[in-house]
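Dropping the structures in below, format is structure tokens.
You will see two complexes here that share chain A, one where it goes with chain B and one where it goes with chain C.
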Partner chain A sequence: MRIGELLVVSPPGKLCEQFIASVCDVLEQKNDETCYGRMPVNDELAVHIYGVQLNGNIDAVSWDLISPKLLGYILLFDWDDADSLEKLSPTLDIFSAQFHAPLMIVGCVKNTTKIPMSPDFYEVAGIPIEKETRFSFCTATDPISARKIVATLIDILLEKV
Partner chain B sequence: MKDIKNGSLKLSSKVHLLYHLFHGDKVSSMIDNLETNEIVDVQKFVWEKTVEFGLVSRGKHFDRKEITRKMTPTPIFQKQNGCTQPAYHCKGTECIEIHEECGRKKIKEHVDVMSESIWDYINKYV
Partner chain C sequence: MKSHEKDKILIIDEDSNYIGGLRKSLNQAGYDVLSFDDPHKALEIIQDIHPQMIIADVDLTENADYSFFKHVQTIPELKNIPFIVMSNQKRVDDRIRTIELGVDDFISKPFYVEEVVARVENLFKEIEELQNHEEYSTNGFGGNLGEKNVIELIKTLESEKKNAIIHLKQGQFEGSIFVYQGNVHDAVFEDFEADEALTKLIVWTEGRYFIEYTDFNRPKVIVQPNELIIEFGRERIEQWDKIKYNLPPLTSALYITELTSTKNNISDDERKLISTLNGSKIIYEMVVQSPFDDIKALELIFKLYEKGYLKESDSPFSDEKKKVASLFKEKVNTPKNGDTSHLLHNLLQNNPQEPSDQDEDRRQDDRRQTDDRRKMSDRRRTHRIFNQKLFLNKTELMMIREKLL
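Up next is the complex of A and B:
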């Protein structure tokens, strides 16, 4: 079986864990700062999704060791909390400067009625920010919404092939 | 004249721009804290988003003039700012190096017009 690996990063809170639990049905492993889930795609392919919660010093995470094998990254923040975006900002700049893999930046809302625009603006391919970097919205606790983010990331990967 | 390079705006700044654009905020206030080359990038980035949202919202009826007509016409802007240069010199992306304050003022007005347009596209979309 072939395995693809994705990394999900979020500020402190439940977002990372909720998102991976939604995408993978079940969280295989979790502790205070990390979690892990598996998403079977078919008999020959599975996606392993690792979650890292940013608790303070981002330099405490060895991004350079984690990153080489990863197919792409998903960075989550709470759309209704400006402070959540502030906490994620240094990580955004590190990822943008150092890593060359598709990146989805996602504003998470509690339910879809909180998304400030029609899905037509963001759902098909995300809102382009940079080459291979898109912005979108999702509800981390909703499997359909969370899987659309992973699907968009995989679409970006396929566009590269 | 110093070469103004594109691509200097950090990813976090772009995401902050989207955050404010999608909250209906005017983004010109962000410009005061940015370097000259970053301001030019802000204008480019916000313009691209305005056109993208205009195309989704208005489809084949989208016309960039529906945005630019809300901006102060160049001859009037120059007169208001006591500028005697030829009109074709009055570009925020060029003048910002030689008349920084004036160039910033022009770009700030433009990004606010674009911000309002994006907010309109989002809210009037059916």
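Up next is the complex of A and C:
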């Protein structure tokens, strides 16, 4: 079985599990701080998505999840909640300093058809801040929207291979 | 001396405008370059030249027959030579089709010469790593030291009673431990040998390992039995981890702050350590290069760090993303109903890695459109930052993508 892993990080709340549930259809496991979903692609290939909630304490994260199978990271924050964003800033720094994998920074909104930005600044797949880091919007409860985020991350990888 | 110094690169492009600059830069990078503007002529003598890499302009349109590439593939001694395609074709489908044919890399025209040189360097490096890996894979196994540390590896080999070399790699550092019939026999690390090298390597709990089952011909210079080595190692790791816990990751860089000029409360040993530092340095590098025992060196670093004489400097990879972080912080301070789009716009406009106006003037070329420059620049940056081998291959990634959309 070939497995690709994704790490989703969000501030405390429902974002993480909503996002993973949208991508994987079903959450396989969850507890107070972490959750896990599995998206089978076929009999030989699957994507495992680990969700971690941050509560301002980066040491609480099980960074051991980072493994050679990791495809990339997705940082979710609530676009309308400034605190949500503040909590993720240190994580951004950690990713920057430690890991070399694509990063999707995702502003979660209730409705992606009403994105609070000028369309000049983003493309369908996200804003190319740089090739291995992209910013995009998403509705965590919407499977199409959430899956688009993962697809964008896969696109970054496809650019590489 | 660079290992590629004698590598021969063959460039084929009917447009000689591209060849000149590329040839010059690759020459400057130490490569021997031969160029042709006629693929047929190149084919006539390619077997005599026997290049180590081919860079060729290829027509990617649907009717293209890739005849040059296919012909090269029919020559047994050339079919494994890395092949880079240059093309004006921008469509991703076409690129994928080209890579599916077995081409190693793809470069869109117009390009920056520096980008091509960087890609050539990277491709040679990747091939070398792959060859090393394949060589190892046939006769051993590897993994992450975070999952299995040096002590556990020694114990594994002890139980197997085999001859093997434990290859260790942590950032820029590499070392080896030689195990004979399950017993630690010798070790090398940087300029250190035997017990000294083993003392340094045994605390490694980060980085990669590879166990190569092989016979070797070296005298036994480490006389302690495994049992003592393991016990000693455990104690060292415990001490090491205690100090490490209070420091940034060992791969972080620290620099000497201006406070050291006052040198109020610096001990002689701390002063001695500072004297070995010059500019910012990775913590583990400081340890290795210090005149002290590793634990002692790490302790001194911690004390200096605690007193504010050493401070963490920016990671070489963090600049771009720190911009994003600061952008987000700006957003936090922006009234909710305010228009934040200008912040992202600013980020894109002020990206320091984009070519400056002056650079653009200098690189002015009628063929090169501004958008293309930006894309090229982005791709070059991507190539630099992505240095980790992907676990999944392109087909698998495409299958995932298909499933998602």
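Note that the second predicted complex is superposed on the first by the 143 of 161 C-alpha atoms of A that agree within 3 Å, B and C clash if a C-alpha of one lies under 4 Å from a C-alpha of the other, contacts with A are read in each partner's own complex, and residues count from 1 in each chain.
By definition in this document, a residue touches a chain if its C-beta (ideal position, glycine included) is under 8 Å from a C-beta of that chain, and two chains touch if they have at least 3 such contacts.
Owing to the predicted nature of the structure, the values given are computational and were not obtained by experimental measurement.
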Should A:100 be classified as contacting the first partner (chain B), the second (chain C), both, or neither? second
Tell me which partner A:19 touches in the superposition: chain B (first), chain C (second), both or neither. neither
Touching A:69, do we find chain B (first), chain C (second), both, or neither? second
Check the contacts made with chain A and report whether chain B or chain C touches more of its residues. C
Touch test for A:157: chain B only (first), chain C only (second), both, or neither? second
On the A-aligned overlay, A:80 touches which partner chain: chain B = first, chain C = second, or both, or neither? second
Quick one: is A:135 in contact with chain B, with chain C, with both, or with neither? Answer first, second, both or neither. both
Touched partner set for A:50, first chain B, second chain C, both or neither: neither
Overlap of chain B and chain C contacts on chain A, residues 82, 85, 88-89, 92-93, 95-96, 105, 116-118, 120-121, 127-130, 133, 135
Using the touch rule from the top, collect the residues of chain A that touch chain B in their complex. 82, 85, 88-90, 92-93, 95-96, 105, 107, 116-118, 120-121, 127-130, 133, 135
Complex contact set, residues of chain A against chain C: 2, 4, 23, 39, 41-42, 45, 47, 64, 67-71, 80, 82, 85-86, 88-89, 92-93, 95-98, 100-103, 105, 116-118, 120-122, 127-133, 135, 147-148, 150-151, 154-155, 157-161
Listed in rising order, the residues of chain B that touch chain A in the complex are 10-12, 14-16, 18-19, 22-23, 48-49, 52-53, 56, 122, 125
Chain C - residues contacting chain A, complex: 96, 99, 144, 146, 249, 251-252, 315, 317-318, 320-322, 324-325, 328-329, 331-332, 336, 339-341, 344-345, 347-348, 351, 353, 378-379, 381-383, 385-394, 396-401, 403-405
